[in-house]
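Order of writing sets the chain letters: A, B and C. Residues in each chain are counted from 1.
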Amino acid sequence: MSITFKEVEHIYAPDTPFAYHALKGVNLDIKKGSMTALIGHTGSGKSTLIQHINALLLPTSGEVKIEDILITATNKPSSLKPLRKKAGLVFQFPEYQLFEETILKDIIFGPKNFGVSEEEAIKIAKDVIQLVGLDESYLERSPFDLSGGQKRRIAIAGILAMNPEVLILDEPTAGLDPQGAKEMLQLFKKVNEEGKTVILVSHDMNQVLEYCDDVVVMNHGQVERHVPVEELFKETEYLTSLSIDLPIITSFILELNKNGFHIDPSIKDMDVLIQEIGGQLHE
Amino acid sequence: MEKIIDVQHLSFGYDEETLTIDNISFSIQKGTYTTILGHNGSGKSTIAKLLMGLLEKKSGDIIIGGIPLTEETLNQVRSQIGIVFQNPDNQFIGATVRDDIAFGLENNCVDPSLMDDIIEEYAKKVNMYEFLDHEPTKLSGGQKQRVAIAGILAMSPSIIILDEATSMLDPKGKKEINALVHQLNKDKNMTIVSITHDIEEAALSDYVILLSDGHIVDEGKPEDVLMKKEEIESLALDIPFALKVTQGLQQMGVSIADQIDREKLVKELCQLRLKK
Amino acid sequence: MNNMMFGKYLPIDSFIHRLDPRLKIGSLLLLLIAVFFDAGFIGYAVLGIFVIIMTLLSHIKVSQVLKAVKPMLFMMAFLMIFNLLFIQQGHLLFSLGFIKIYDQAVLQTVYIFIRLILIIIMTTILTATTKPLDLTLGIEHLLSPFKKIGFPTHEVAMMISIALRFIPTLLEETQRIMKAQASRGVEFSEGSLKEKILSIVSLIIPLFISAFQRAEDLANAMESRNYNPEAKRTRYKQLVWTVSDTIAFLCVIAICSAMVIMSIVL
């Protein structure tokens, strides 16, 4: 599903002393089936941008097009409900959206809201719970008895159960330990490989480099870069100006190169890097 | 060296059957930077709450600065320790930065006429002086954590516990807090106990305690503890980046010692390259 | 929600802003009582002029006062219509079917309108010119005599100030959860009664769970910083009673006495 932003402006609380211009002339075209990272610091407009993709926010001016659905300032909210199903948005700390007494009920809540029958929804729930790495025995348990990381998986399962074509994730690994974060990202990669478009908001450049194809950089409400991931990390000066850290592997390569090595800085795989260093030591 | 925290045979459980902390003993030296490392659910945050007397231990002893922690010594013990919790929002008590720093002073019955000077001094120390009259909703997560640290410093403790204090912050906030804490450790000889699952942070500390399922799996200097690849992997933690490189190179037949410090590794690799 | 003026502090500086919160709270109480003395139109004119002067002194704009009145209009209209129809005293002025309106009813309704407007404006002046924390401090001081009979003044004040501190945080949280559930197909503004109940449940339960989590964290943070509700504490903010406070207090007493005297004489 292609996502297009055309000259999108968003102003919060317009015509008041609290007015805030969050998006300024955003043009963006996210490829269908890509896994795109969205980066930029707090307040750069990332979270405003992603809320336009499932029409939680409407543009103040300009237009957003999600496949064949056009979103403009004048849309009626009810006409946008089908969009919420197409674009599944997972907020930061999604474990706080769980509310049903069993995990099954919570997972089927979304699909049922979009008119899926109960039997069909239960079938979907049995699939997605496995997809997020838990088994069917969990379905009858209360979501509130689980650990934080497990709760988050259930919340994500609840969005995946709506079978969205785009999955948008706002800092999905915040607060997870390394193992938990890794499993989470592998899950999104799998979803992406099944043909879904994935948009990942992240502060962790190691994740961006390892898992994403493209990256969008936001700054002061504008899209400043939309390039393949390797391209971005070549622009060290630009990143420093935004105080964005390089991925550990990239900065390590640059350090080595400063000291006489000649290693391609766009390497993202640990084994390739080790081969390369070993090779240059053996020559 | 002087033991500032001494824990002996400490056990604790949230219910009768299971022990979250199972008979652990460790001690922390004055002026050191210690990390307690473990995955989520290993019991590491529980230890922090036990040290503060926020949870009641089942058995064992906790001695802070020579004072055994009991019901009666609670205030004395708490005056020696400050703690920064994970969620920046939920520990901001005052309506403004100024009021929040004042909160601890009020509890310690500091003379109100002295408070302004103390508040301003510590707000400067954490670089929050210009924000003294700001409300918490107008501050970033990193700024709120800095206020929390100022509030603690104002009460002049000798130990600061960081309970995953940077895990909800963006990289900029994380860096600022880490730099501030390291500086306090160096300049003020403040004892730091950092509870984390970030192995790269642990690599920079003086002493590491590895925790899993309420047990201490290993402890020692980071260059000893964090070198044990299998052990770290079995605890669902990440192996330090530098160690991945050295071990990979060893498999290729390069003669290089294990290393957890990236800067040192760069130097070693360059020397190896020149020697060749 | 952002347009709500009633109860919002205006961060500017004015004569009224600088007055002692104890004075402002006490004066409001006295004036609220005075409003209910039937001092006739002359009395209300006097009180009205006093309120206008206070509004001017506090640098609150007329538009802001109107904004404060706006959310109350519905309730006021309801009360006034109720009065107009149910008071059946004096001469019949107008009748249409079962609707009968008497001159006394009109008079009483006008009184109620004036009283409500005065109450809203006076309360708005208090909240617009006094920081929430100072309000709490003022209330705590005014309640302190009741400490002797075991009333937990300090705890109540602490509760109020923490509630005030967390209102913006919880509002933000509410919006976030509403958006998260909207992303799962919940429509908060539409649907049948059953759907509406479910959508409210999907908001309330997460909100409670997160509020409890916050409460637990906050309790830990407070205890860690040596807070003990039973122990003695000092207070950072000290209230200072100045000459202006005394003068203002005398003015309020004068106005209130005038109202009482007028209600007896007239």
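Here, a residue touches a chain if its C-beta (ideal position, glycine included) is under 8 Å from a C-beta of that chain, and two chains touch if they have at least 3 such contacts.
Only a predicted model underlies this, so the values are computations on that prediction, with no experimental measurement involved.
A.B. asks: Using C-alpha centres only, name the chain that sits farthest from subunit A.
C.D. replies: Greatest centre separation from subunit A goes to chain C.
A.B. asks: With respect to inter-chain C-beta contacts, which pair, B-C or A-C, contains the greater number?
C.D. replies: Between the chain pairs B-C and A-C, B-C carries more contacts.
A.B. asks: Suppose each chain is reduced to the average of its Cα coordinates; what separation in Å results between subunit A and subunit B?
C.D. replies: 30
A.B. asks: Using the average of all C-alpha atoms in each chain as its centre, how far is it in Å between subunit A and subunit C?
C.D. replies: 44
A.B. asks: Which residues, counting only subunit C, touch subunit A once they are in their complex?
C.D. replies: It is residues 2, 173, 176-177, 179-187, 189-190, 201-202, 205-206, 209-210 of subunit C that touch subunit A.
A.B. asks: In their complex, what parts of subunit B are in touch with subunit A?
C.D. replies: Subunit B reaches subunit A through residues 39-41, 86, 140-141, 164, 167-168, 170-172, 197, 199-200, 236-238, 241, 244-245, 248-249, 252-254, 262, 266, 269-270, 272-274, 276.
A.B. asks: In the complex of these two chains, what residues of subunit A are touching subunit C?
C.D. replies: It is residues 13, 16, 18, 51, 54, 56, 77-78, 81, 84-85, 88-91, 94, 96-99, 109-110, 113-114, 144, 158-159, 162 of subunit A that touch subunit C.
A.B. asks: In the complex formed with subunit B, which residues of subunit C make contact?
C.D. replies: Against subunit B, subunit C makes touches at 131-133, 161-162, 164-165, 168-169, 172, 213-214, 217-218, 220-228, 231-238.
A.B. asks: Looking at the complex, which residues from subunit A come into contact with subunit B?
C.D. replies: Subunit A reaches subunit B through residues 41-42, 147-149, 174-180, 203-204, 243-245, 248-249, 252, 255-256, 259-261, 270-271, 273-275, 277-278, 280-283.
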